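Just passing along the structure, written as structure tokens.
Labels A, B, C, D and E are assigned to the chains in the order they are written; within every chain, residues are numbered from 1.
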Amino acid sequence: MTDATYNSETTSALLYLNGISVSFDGFRALNELSFVIEPGEMRAIIGPNGAGKTTMMDVITGKTRPDTGDVFFEQGKYDLSTLDETEIATLGIGRKFQKPTVFEMHTVEDNLQLALKNDRGVKATLFWKSSPEQEARIDEVLETVRLKALRHRVAGSLSHGQKQWLEIAMLLAQDPKLLLVDEPVAGMTDVETMQTAELLREINRTKSVVVVEHDMAFVRELGVKVTCLHEGSVLAEGSIDQVSANDRVVEVYLGR
Amino acid sequence: QDTIKVGVLHSLSGTMAISETTLKDTVLFMIDEQNKKGGINGKKLEAVVVDPASNWPLFAEKARELIAKDKVAVVFGCWTSVSRKSVLPVFKELNSILFYPVQYEGEESERNVFYTGAAPNQQAIPAVDYLMSKDGGDVKRWVLAGTDYVYPRTTNKILEAYLKSKGVAESDIMVNYTPFGHADWQTIVSDIKKFGSAGKKTAVVSTINGDANVPFYKELGNQGIKATDIPVVAFSVGEEELAGLDTKPLVGHLAAWNYFQSVKDPANAKFIKDWQTYTKNPKRVTNDPMEATVIGFNMWVKAVQKVGTTDADKVIDALPGIEAPNLTGGMSKMLPNHHITKPVLVGEIRGDGQLDVVWQTKGLVPGDAWTDYLPGSKDLEADWVTLKCGNYNTVTKKCGGSGS
Amino acid sequence: MPGVVINMRGLFDRIAVLILFAVLIVVGASGAATSALAGPYEEALPGFVADSFSDTATAIDQAAASGSALAAPLLQALKDQRLQFSAAEKKVLIKAPDGKFIDAATGQPFAGTVPADLSNVRLNNRLRNVLDAALGSLTLMAADPNKRYDAAQSVFKSRDAATLPALEKALAAEQNARVKAAMMQAKAAIAIISADAPAADKIAAIAVVRDRGDQDAMALLQTIPANAPPDVLAAVTEAKANIERNLALWATVQNLWYGLSLGSVLLLAAIGLAITFGVMGVINMAHGEMVMLGAYTTFVVQEVIRTRYPGLFDYSLTIALPLAFIVSGTVGIAIERSVIRFLYGRPLETLLATWGISLVLQQAVRAAFGPTNKEVGNPSWMSGAFDFGGILITYNRLWIIVFTGIVFVALLGMLRFTRLGLEMRAVTQNRSMAAAVGIRTARIDALTFGLGSGIAGIAGVALSQIDNVSPNLGQGYIIDSFMVVVFGGVGNLWGTLVGALTLGIANKFLEPFAGAVLAKIAILVFIILFIQKRPRGMFALKGRAIEA
Amino acid sequence: MLEVSKIDLYYGAAQALRGVSLTAEPGKVTCVLGRNGVGKSSLLRALVGQRPVKNGAILFEGKDITKLSTVERARGGIAYVPQGREIFPLLTVQENLETGFAPLARADRKVPDDVFTLFPVLKSMLGRRGGDLSGGQQQQLAIGRALTMRPRLLLLDEPTEGIQPSIIKDIGRAISYLRSLGNMAIILVEQYLDFAQELGDHLVVMDRGAIVYQSDKVNLDEGALHRAMAI
Amino acid sequence: MQAHPLIRMLDRGSTIFLVLLGAFAIAIPVLNLLVPATSSLHVSTYLVALLGKYICYGLLALSIDLIWGYVGILSLGHGAFFALGGYAMGMYLMRQIGTRGVYADPILPDFMVFLNWKELPFFWYGFQNFGYAMFMVLFVPGLLAFVFGWFAFRSRVTGVYLSIITQALTYALLLGFFRNNFGFGGNNGLTDFKDILGFNVQADGTRNALLVISCLMLAICFLICRAIVTSKFGKVLVAIRDAEARTRFMGYRVESYKLFVFTVSACMAGVAGALYVPQVGIINPSEFAPGNSIEAVIWVAVGGRGTLIGAVLGAFVVNYTKTFFTTGLLAPYWLFVLGGLFIGTTLFLPRGIVGTWTHWRAGVKEKSEARRSAEAEDGAIPTTGSPSTQPGAAE
């Protein structure tokens, strides 16, 4: 599935996955997957369990090396498949994991402090001093995710959902160019789900977002282009209505 | 103060406990015997036992504790050379007395230390002489196998020089070192076998230490290297080590010491009996470092009796010239160099774990602190009586080593 | 030198000896001896009561030369240290294996009272050599082919020309191919060193020796002087090259074998740790002490057998194995129940606690058994060695390899295919969830730790056969065991297997030229570098599963 | 069948459950709803015994199980599908399912066919390590494992989290099916209101560690429910 | 909300610790040198030497706690850095002996003379210079740690794998230094020192000075550690300890962080070793023994991992126990005591002495706050306290 219209020199895409294949012990989790995210775009990714959505994020963030294919970032400036996690993160790609992962021994506040956009070098952190703007930013983020009351709680003692929120907050504090959000509303109430959609749309004003979700109401609420993955490649792409009308999508994913 | 305190500085735990615990028991036994005789100069002896735990800096700490805190009159202790080196500065600083009962590499004579174990000329060189003799098998080719540390290294250096002086070619000497506790001897034993099948009578001189011996001999036995083919003469294997072995396959291999339990002598028989009674173990064996401890202890007792005090300086000055019976029928004497005279015996391993004397020196051999076979030491002499120096240079006529 | 004495004997004498010896074999088996010839044999006997090595040497030669039928049993008794003498009564007695005494002078059971000062006629190595040579020529026609083989080998070594006639006669009568070959080689050896043998004979002999192809053959060829005839020298050169090639080949096989053997020891020592550390995640510093307990169990079993049931000695290991498993296993369970179980989820604390346990166990054993080595013997089936092509295979190593293999397969099977194995793995992967599906986690934890400890215990049984049994035994294996488990990849039994064998073989290939110390250092450096390449060991588990 | 009366649960000094009382009946589904961090999971942990309760009692089939260990409760017929799935990562799918045999007699040790009918993916992945499965697949495996135990009380903590819509429907059908068997009591913790309303015979809403609203499905007051949820 | 760095560094515990350490450093020399030996207040030179040794152990423990407690790097080979620092100092002290050695060779140390060495190996050059030797005390351990860490952390060797290769490292060094050919005196090591900077190493004054310097170094290193762990850098370290991968995804270059602290820690261990050698009078390869490194880790665990003060305290407690019980009647049984101490600590003081204390204090505070907030009726769960299931840091 090589697409002639794109190559690393001419693409205007923010993120360009080109013919990515990943297999584990012979099992193909991603199969010649290609797709494009334009600058400023928000994209929803859906697809059956095991379709390869998380693996795709792993590839983008450098956790998993693709067997074949390239991942270009920022109009082809960087080939992510040759960079490591830290370099990729430094380029401005932030991620929320499917299983919430926060720094359990740190307080909520410290989690955010670590996430704040700052110089991440050894020297900088050794001699770092907090500034009022940064304090304000932390307050703001905490406000957004409604964790203000838990500011000094140790993150390990949060409930599952609270950790989800904290992770979203960390992503916000990190202020990346591209956000990869894996199942943000899992375990949230309907009201919260809608609030999250609202939040993401808000973020999308300035940043690009890739969001993976199974909650169709949420995806619909986002109102963005939807890609449905299946068995490691794109099965359908388009508006939520188009995609959910697709027979194959209904068959393998939505069910009748 | 109505007792005389005696420090016992032997490891009771860690790797060296295996050898040193017996020496602690020996000192306690000697103290017990002495107290039965009424102590010394009317005072009872009291042991102060510490456990330096096979940890060399701990030896120094414990030595200091014994001397400074417990105010012992004398210390019996140490096995490895490094432990002795570690406590040396302490004994010098606090001016106390150490009796060191183990065969060692020599190259040392300190005012505060009395060496009752063998110097290389009291063990290694006579053993090699024996092997080169008709009775010893007319050995022409030599394997010097040892654990990789100072005592074997030095002993082997001396032996190499000695053998070469006797016309042995470089190619007829094989030197091999193994780490402490080496357990897999397959390759080395097979190499020895190979080296020994070059058509010349070959022998192994083993300075392999403690723990490594059992697997070494087991492998030797299993690979069928018999004493008649390639005899092994060991300097660190005695009755105590053999007690952990089935010696039947090893019959005829040799050890060179200054004492064997099997030596037929009334003094020895009595000693063994008393020792076994004391330890309540009729099978408890005796060995060479024990004998060295006994001799040292008796010499110290005599010296204290002679000067009537335990004052270190007086006792140190009194010791040279003191004689005490060894357990093989002779009378050992403390020499001005703080080493003693000893007979050298070569024994063959028997099926019952004892050793049979097959050869011995005519008289007693005086211990030589500085070997005659190494260039750095051949001009050195130790004499604490007239020269008052442990490293007098006979060429420059100065105390304080060779200079250069 | 024995050869000189025998040399001077007439041919007749020697044949007479052989005939008489043959008779002896037939008759002597029943214990009855033919009456002695008066003369040299009797004259030899006083030499044994002098308690002097040189007198004994002369006496041996005289006895061997005497032609008396009593000579062979006498010499055999001397060799077995059953020949005793009384200096006071000037008597030489043979102590029969059943403890009865035989008068050496008559060969008849000794009737009088046994003298009080009886002691063994002492030997030294020179005498043993003399004795071997004498006995060698006397046993070339023994009924037992192994004896004849040994006799031929001893002639090969002594290369004593005087044996030649006996050898030729024995050769003519020999049926057994192996013995025959050995005798041919012995004959060739004599021909090679003989000064007057014709060149053609020598060349033929060199060919025979070449085919023997071992170190001894090489040694023999070394003795041929450089001034030998050119065609002989050419044959020697060719033979030497041939043997060298052969030896080089076998040297590789030997290294492999040694490596395999060392590897299996490492594996055996590590395999219990692969359970307690690899599977359970307990940094088990007391693992070595579990091995030690197994070794001490073997010692105790052998002590009991030695004092009570000496006949069972060959079964001592078979008895010790289950007992060691139980002893170490029980101690393991006790440790798990009393300490480790409070530490799940805090793996690093287990380091602290098990280190403490290891100190306590070591000192407890030291207090109970004393600090010195304990003697653990090899049963007969684990002693000695046999030749396999150009290498020597010792039985104890062979059995340890076999045994290790069995333990490994059994353990693997148990973990893979039994319910207990499944529950063990489940519990160690997620203790609280295992409880939630109804697995009795406490029991499984105890059993798992007990199993790992028990296996360490049986490793101790095997290690007691090649190493010290002392309180320090465990310390010698703990570091290597951790290296093996980690190098292979924690949590993977196959990794432990391959890791142990790799390290064993690598070590043995390095040792011959680097020496034991540097080889060991090289292996450690290799492990450090290897872990850089594969940060989770050789058989690393991959994928998300491990991060979960 | 299950009667929970006035239980309190603490994490250290922090109280997570405050006097919670609840019942569950065979053939009925009790749905527990509530925002993040209100104590839903804590309630289930108390029921399976992973966390001790400070006050109150739990009666299961007439027996007081408050003091029993997790193992004993599991063996007594309580199965648990935890939030976060908690599958055994290094065991294969097959083996993960087999861990559920623990409470069963030897003769019953077979994975029920229902499991594969409900979750066909599992059948095709029997040899794969559980930890390698995708999130949703793991969720299915966790439910399958619980069903293998043939429980009489099934506790499900947000089982639809991370699951594709068609399988959520399947799970819904599965729960209905299990309910229809009539011998199993089910407690379902859920955030997904539609799903809960569809399945729950009895609905419970929690807030700050206490139950703030409960009602049978038949007399459910939607308004009150939403209000309770939105506090 | 952020306090001044200095205030963060010097919380109450740290201040108390430093004050005590200072008092100790003043009191001991005074009581040794100025109080007459007959007074019951007199501190014997034996005790001075002993305490000096403990301080060095305390510093070693501190260096281990920095990496183990805060980054989760369990080094089972830290004794190697300690020993290397010790050897560097030992080499200086050897060169100071000059012609006072038994062979009176002005250049060659005794062990070289009697093994027939003809000239000084190149790596011994310069060690007669104190400044150079002190540089090497930091440089050698630091360089080794840097090179080792550079490879290991880049290759992402973590957890037990890292622990075991550090053990392999120290074990390999042990074997190497054992070898006489290595040029460091083989098994006997370096000993029989005479002077340090012209002062007799055995003089009481020198001993006291060394004790004071050791205390000073401990204080300085303690402050460095505190500065590191209370900075944002320290928070990154803890983040790495708890979720290394996550930290990477956040853009932190984990290996640089680890490398930095690992090297700093190795240098501290080197300093500890360098101060230790003149006080005990010998350095030999047994300091590289893996068991020593494990034991040092155990001091930290006993005192309380991740508390810094605890590490120092643990070193004191364990070593004092050892000193106390290896003498007299109990000598054959002291291992039972020590083993029992280790087992008892894990069971009854699971966070170590200091850790358990602070946890208990926090618990008390949390409870009272919980009560207060419950009374205030907000129902919100109190703000301090840690999760009840500890994540398994560093594996």
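One rule holds in what follows: a residue touches a chain if its C-beta (ideal position, glycine included) is under 8 Å from a C-beta of that chain, and two chains touch if they have at least 3 such contacts.
Every value quoted in this text rests on a predicted model; they were computed, and no experiment measured them.
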Reaching chain D from chain B through chains that touch each other, fewest steps: 2
Using the contact definition given at the top, which chains are in touch with both chain A and chain C? D, E
Most central chain, Cα average position: E
So, comparing C-alpha centroids, which chain is the farthest one from chain D? B
Hey, how far is the Cα centre of chain D from the one of chain E, in Å? 50
Between chain C and chain E, what's the gap in Å when you average each chain's C-alpha atoms? 46
Mind checking the centre-to-centre distance between chain A and chain B? Centres are C-alpha means, answer in whole Å. 74
Chain C and chain D, separation of their C-alpha mean positions in angstrom: 63
Residues of chain D that touch at least two other chains are 11, 14, 132
Would you pick out the residues of chain C that each touch at least 2 other chains? 362-363, 475, 517, 520, 543, 547
In chain B, which residues are in touch with two or more of the other chains? 12-13, 148, 177, 179
Please output the residues of chain C touching chain B within their complex, sorted ascending. 53, 81, 122-126, 128-129, 132, 215-216, 218-220, 222-223, 254-255, 258, 261-262, 265, 362-363, 366, 370-375, 377-378, 383-385, 392, 394-397, 465-472, 475-476, 507-508, 511-512, 515-517, 520
Which of the residues in chain E end up touching chain C in this complex? 74, 148, 151-152, 155-158, 160-161, 164-165, 167-169, 171-172, 175-176, 178-179, 245, 290-291, 294-295, 297-298, 301-302, 305, 332-333, 335-336, 338-343, 345-347, 350, 389-390, 392-395
Touching chain E in the complex, chain B uses residues 12-13, 48-53, 55-58, 60-62, 64-65, 68-69, 80-82, 85-86, 88-90, 93, 107-108, 148-150, 153-154, 157, 177, 179-180, 374-377, 380, 390-391, 393, 398, 400-404
Quick check: in the complex, which residue numbers of chain C touch chain E? 277, 281, 283, 285, 339, 342-343, 345-353, 355-360, 362-364, 367, 475, 479, 482-483, 486, 490, 517, 520-521, 524-525, 527-528, 531-533, 535-537, 547
Touch list for chain D against partner chain E, complex: 11-16, 208-209
